[in-house]
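Both complexes below contain chain A, partnered by chain B and then by chain C.
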Partner chain A sequence: MIETPAEGRQAAFARLILVFGAAALGLVLGGTILVVVFHGLVPYENVVEGLLSSEARIVLYAGLALGVAAIILGFSRYRVMPTKASREQAIAGGVLGIQAVFLGAIILLFREAGDPDRFVFHFFNVEVLRDYGIPVFAQAAGNTVILAFVGELGGIVLGLLLALLTLSKRAVVRAPARVYINFFRGTPLIWQLGIFYFGFSLGLGIRPQISVGPIDFGPAYTTAMIVFVLNTAAYAAEVFRAGIQSVERGQMEAARSLGMTYPQAMRHAIVPQAIRRVIPPLLNEFVILIKDTSLVVILGLAANEYELSTLARQGYADTFNATFFTAAAAGYLVVTLPLIRAVNAVEKRMRSGLVTVGA
Partner chain B sequence: MTLVRLEGVHKWFGNNHVLKGIDLEIVPQEVLAVIGPSGSGKSTLLRTMNLLEEPTEGKVFFEDTELTDVRTNLNQVRTHLGIVFQAFNLFPHKTAAQNITLALDKVLGLGDEEARERALQELKHVGLEHKADEYPGRLSGGQQQRVAIARALAMRPKVMLFDEVTSALDPELIQEVLDVMKRLAEEGMTMVVVTHEMGFAREAANKMLFMDEGVIVQKGDPRAMFDRPEHERLRRFLSRIL
Partner chain C sequence: MKRRNMFLALIALVALLGSACGEEPPANGNGNGNGNGETTAPTAPTIEEGVLMVGSCLDYAPFESIEGGDEVGFDVDLAEEIADRLGLTVEWVRADFDTIFTAVAGQQFDMVAAASTITEERQGVVDFSDPYYNSRQALVAPTGSGIASTDDIGDGDRVGVLRGSTGKSWAEDVLVPQGAEIVSYPNAPDTFRDLEAGNLVAAVNDEPFSAEVIKDFPGLEIVQPIDTDEEYGFAFSKDNPELTEAVNGVLAEIIEDGTYQTIFEQYFPGVEVPPEYQPAV
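Right after this comes the complex of A and B.
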């Protein structure tokens, strides 16, 4: 509780430090972006003009000054704050100030010492994207998701099977599963894509193709889906094995002593509990796979089969402009950020005990 | 006619000799309390009876079937031997009723309706029919253990094995579980009860067995053993815990 007028002044001062810090970061980041947007994004010269404008300079220096003030005031005064809340406000203001100064220094360096003209031309040239159009990017993002989703789904099914094999008490059953898992975890995915592509066509004399309704997937696309399934299965198998082993021994004993066979006990008692426990690590694997689908660039995909990275590379080849890679990165983030949020939400729920684990 | 028979059973865990030549017979309607210091092999003895622990040496019979014969279908025999564990071991992803109906469905092949009916009947037997659709996580320890008893009873076993079933319970929850077990004993169920509850051993059991260091030291009438413990080791054990 604040009791004296002096303490009241201290608390107000803490709020001021917080406002300084927040304003500093807002100016450096938001202010610069706003100035650039007001100058226009197309053609790219407008972006450069905005960055180098005197408005941008004012905003940056103002942000830097506020940030330095927040750092000095925040870290020199937080100890004398009368309440925990105002102490936290002072510290938060100082930390925001550090972030503002750090970012502001980079942008300033970029403006003054770098070559904004060429950088923006090559990496933030929205104009060159226009000819390709949104539908092409949407289709590429869709292909990225299809490749990753098919790989993850098939990998989960095959991975659970492999996990059950590795848990067998018989060495002759365990051994092939271990060999499989170690092979796919121990070699690069990009090599697996290559060897399977040529292995199918040159080695086995087949060119795998599948059609789902009106959509035909060519040999490269189909091979990629198969390899993603095989590769993900090896990782999912290890996740499932750990999940199954984390279920208390007593669960198996209870099921067996009721007369259930080992497969019945696994299916009805153990695996359902294990699956709940492995949802977060499997979602993490999915996020990793989404990015790893970019490795199909080494295979020759047809134009309508492009995923984000192949599209970016093709765009770069056509225009000699790297803005396509920037756009691809944005595309990956659009897909992965919601998933990362989902993983965190599920983990939080599990920690809070809403999803029961164990008896 | 015996229900369970052990002949010269030995059990080693690595270099640890836990059971040292056990011979034992359980007859119908016997309520056998197994007592003894911790580490004496009581639980291991109980768990060999349905072959959750495989004897290193010796034979285990249920009625005329030798369980230690590899050709025996253990899954079939185990339906006749209900077991209740210290840690309850209810399936946490299934409701109380589903915990019971799972094996009725998958092992005995009862239809959905019949299985549900029997589950409710057994839950009523342990006083928990109103908790049929609760998950174990929402039940107290005593309630969970009573569901576990109902789950074992629903298989209509000929023998019930209890492995220190009150040891993991808070003191005020022990009695409700012991009451269920006492009633079972009165109804004529054949029971083997590994326990630290000397009151239960004295009141509800009609046979008692004292184990120490992997051997059966003494077996006899519970009251006689409590009132006139002949054996020195039993006297020492009783003086420590009573």
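Right after this comes the complex of A and C.
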């Protein structure tokens, strides 16, 4: 297809709309962040100054203007674009413009009508984090990961066992597994943590403690790990059961007809296929568990046992500044975002051969 | 594309939260204006007109606790007397101690009545009323445990404290150098429950509360009172100096006319009212 000069102009115009939209968003977000960073993050007054500076205002208004231009041009012109590609460019420019205007308006509202001074003091006061330092946060993030990892790993092993029990032909075998699963799925995790912690030590005189090399985990920490295992097992069992039941009946029949016993067929034919299918939901459970570890704030923890939420609450109690919560959120995202990516990637691979939606 | 959108959504949410928080104060300002115009009693601006919302952990007898569904205690009676004299009714809001000062600073309630010691750090975030109680800390240990004083706390001993409390600061200053490991709890009763459960060697908390608590924990005893020259005060948002002032005014009245003494003797029978809290002769 040969492009006429008029079509060429239209295509160039579409690219311009896209550039407008992208620039608008870049200015509103990146520009504002850059201005703030250039003013400095410590002390917090610098952040406020950056937000309220005339540079920030110029950047914001420029972003808003470009955004509005991209919206008007993009949505009025995309119909007349000569090719599909340029039509898409025009639409993308318009949509980016909407995002830029939306975000810009919120930031502007915050700047003009809100109370940036108070907000930044309480939520982005990086200075108060200094006394604690990176190693303390790293240790807390490490504890979050340890708690979740142990819980997930133990939960998967115990969960598979429970799932096999729930699939039994015999009701007397199924019943205890169902009771277990329903109990742990039906009561809040925070309640389980409290009751097991005090129940173990106060009621039964059991004080579970684990020492790994030089690191001692106290009773609260160890109990939390156990509860996370028990709780995750209940959810993992349901995932496994669904996974195993999703394997076609013919697989079992084929394995049995080859002379395998039921356990052999399960072990060599059914479970391996099921595991492939349950990896994405189990990884999902892991992401959820990472955040659920925050519930240990209700237990008594020593300083080296703090995970991100307990550290945040401790720091908050010491300094009365909520920046610790902001830092904890950042810590969780550092841990969970790569995992969420991994889940999506694995899911995509597992879905190969199936219909793809989106992506 | 998809990834970027997710990031954008996140930023949008953060920004949204930010603006929501930023807009709160003006709303409160309006409420204050109305409150001043209508009532005739000596009035103070509060979040909700005619109501004094008081934040408290309500698990800290004899200062504030719940008995048979009602709030009772020294702080409770004092706060209700104060509210009464200001023409307000008290609405109690349960809050964990570790975040209670920021909660009042953010005007989630008007006042904190939680046996809270006046400290310099806290004064950075909230305003305190005039002191209304003199307190100190106590070291609590299981009966016959061999812990007779703070000197017996040694290397690796786990000592329980309330998160955000003055007892915690004291333990960090004095016991940590001795090698103790500080275990912090979001509420005070859990500290003692865990001491009884054997997960701790000792606990440090306010003496009056410790004295009350060991009545319910026969296996525990106060082994040493620790003088820290602490004074309790009610805490207020720094944005509401009028309320602080009004409360100080009626608090002085309550002390002067002997009401303070009556309430004090009800909760601390046999203890003499300190001279500064005795009625004017």
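As a working rule, the second predicted complex is superposed on the first by the 350 of 359 C-alpha atoms of A that agree within 3 Å, B and C clash if a C-alpha of one lies under 4 Å from a C-alpha of the other, contacts with A are read in each partner's own complex, and residues count from 1 in each chain.
Note that a residue touches a chain if its C-beta (ideal position, glycine included) is under 8 Å from a C-beta of that chain, and two chains touch if they have at least 3 such contacts.
Everything numeric here is computed off the predicted structure, so don't read it as measured data.
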If we overlay the two complexes on their shared chain A, which of chain B and chain C does A:119 touch? Say first, second, both or neither.
second
What's your read, chain B or chain C touching more residues of chain A?
C
Is A:272 touching the first partner chain B, the second partner chain C, both, or neither of them?
first
Classify the contacts of A:302 with the two partner chains as first (chain B alone), second (chain C alone), both, or neither.
second
After the superposition on A, what does A:89 contact: first (chain B), second (chain C), both or neither?
neither
Should A:317 be classified as contacting the first partner (chain B), the second (chain C), both, or neither?
second
Look at A:219 in the shared chain and tell me whether it touches chain B only, chain C only, both, or neither; answer first, second, both or neither.
second
Have a look at where A:294 lands relative to chain B and chain C in the superposition and call it first, second, both or neither.
neither
Contact-wise, after the overlay, does A:103 reach chain B, chain C, both or neither (first, second, both, neither)?
second
Is A:207 contacted by the first partner chain B, the second partner chain C, both or neither?
second
Find the residues of chain A that appear in the contact set with chain B and again in the contact set with chain C.
358-359
What residues of chain A sit close enough to touch chain B in their complex?
248, 250-251, 253-261, 264, 268-269, 272-273, 276, 356-359
Counting only contacts in the complex, chain A reaches chain C at residues 25, 29, 99, 102-103, 106-107, 109-110, 113-116, 118-119, 122-123, 198, 201-202, 205, 207, 218-220, 297-303, 313-314, 316-322, 358-359
If you look only at chain B, which of its residues touch chain A in the complex?
50, 52, 75-76, 78-79, 81-83, 85, 87-93, 102-103, 106-108, 135-137, 144, 148, 151-152, 155
Any idea which chain C residues touch chain A in the complex?
2, 8, 11-12, 15-16, 18-19, 21-23, 25, 98-99, 101-102, 105-106, 121-122, 124-125, 158, 160, 163-164, 181-186, 190-191, 193-194, 196-200
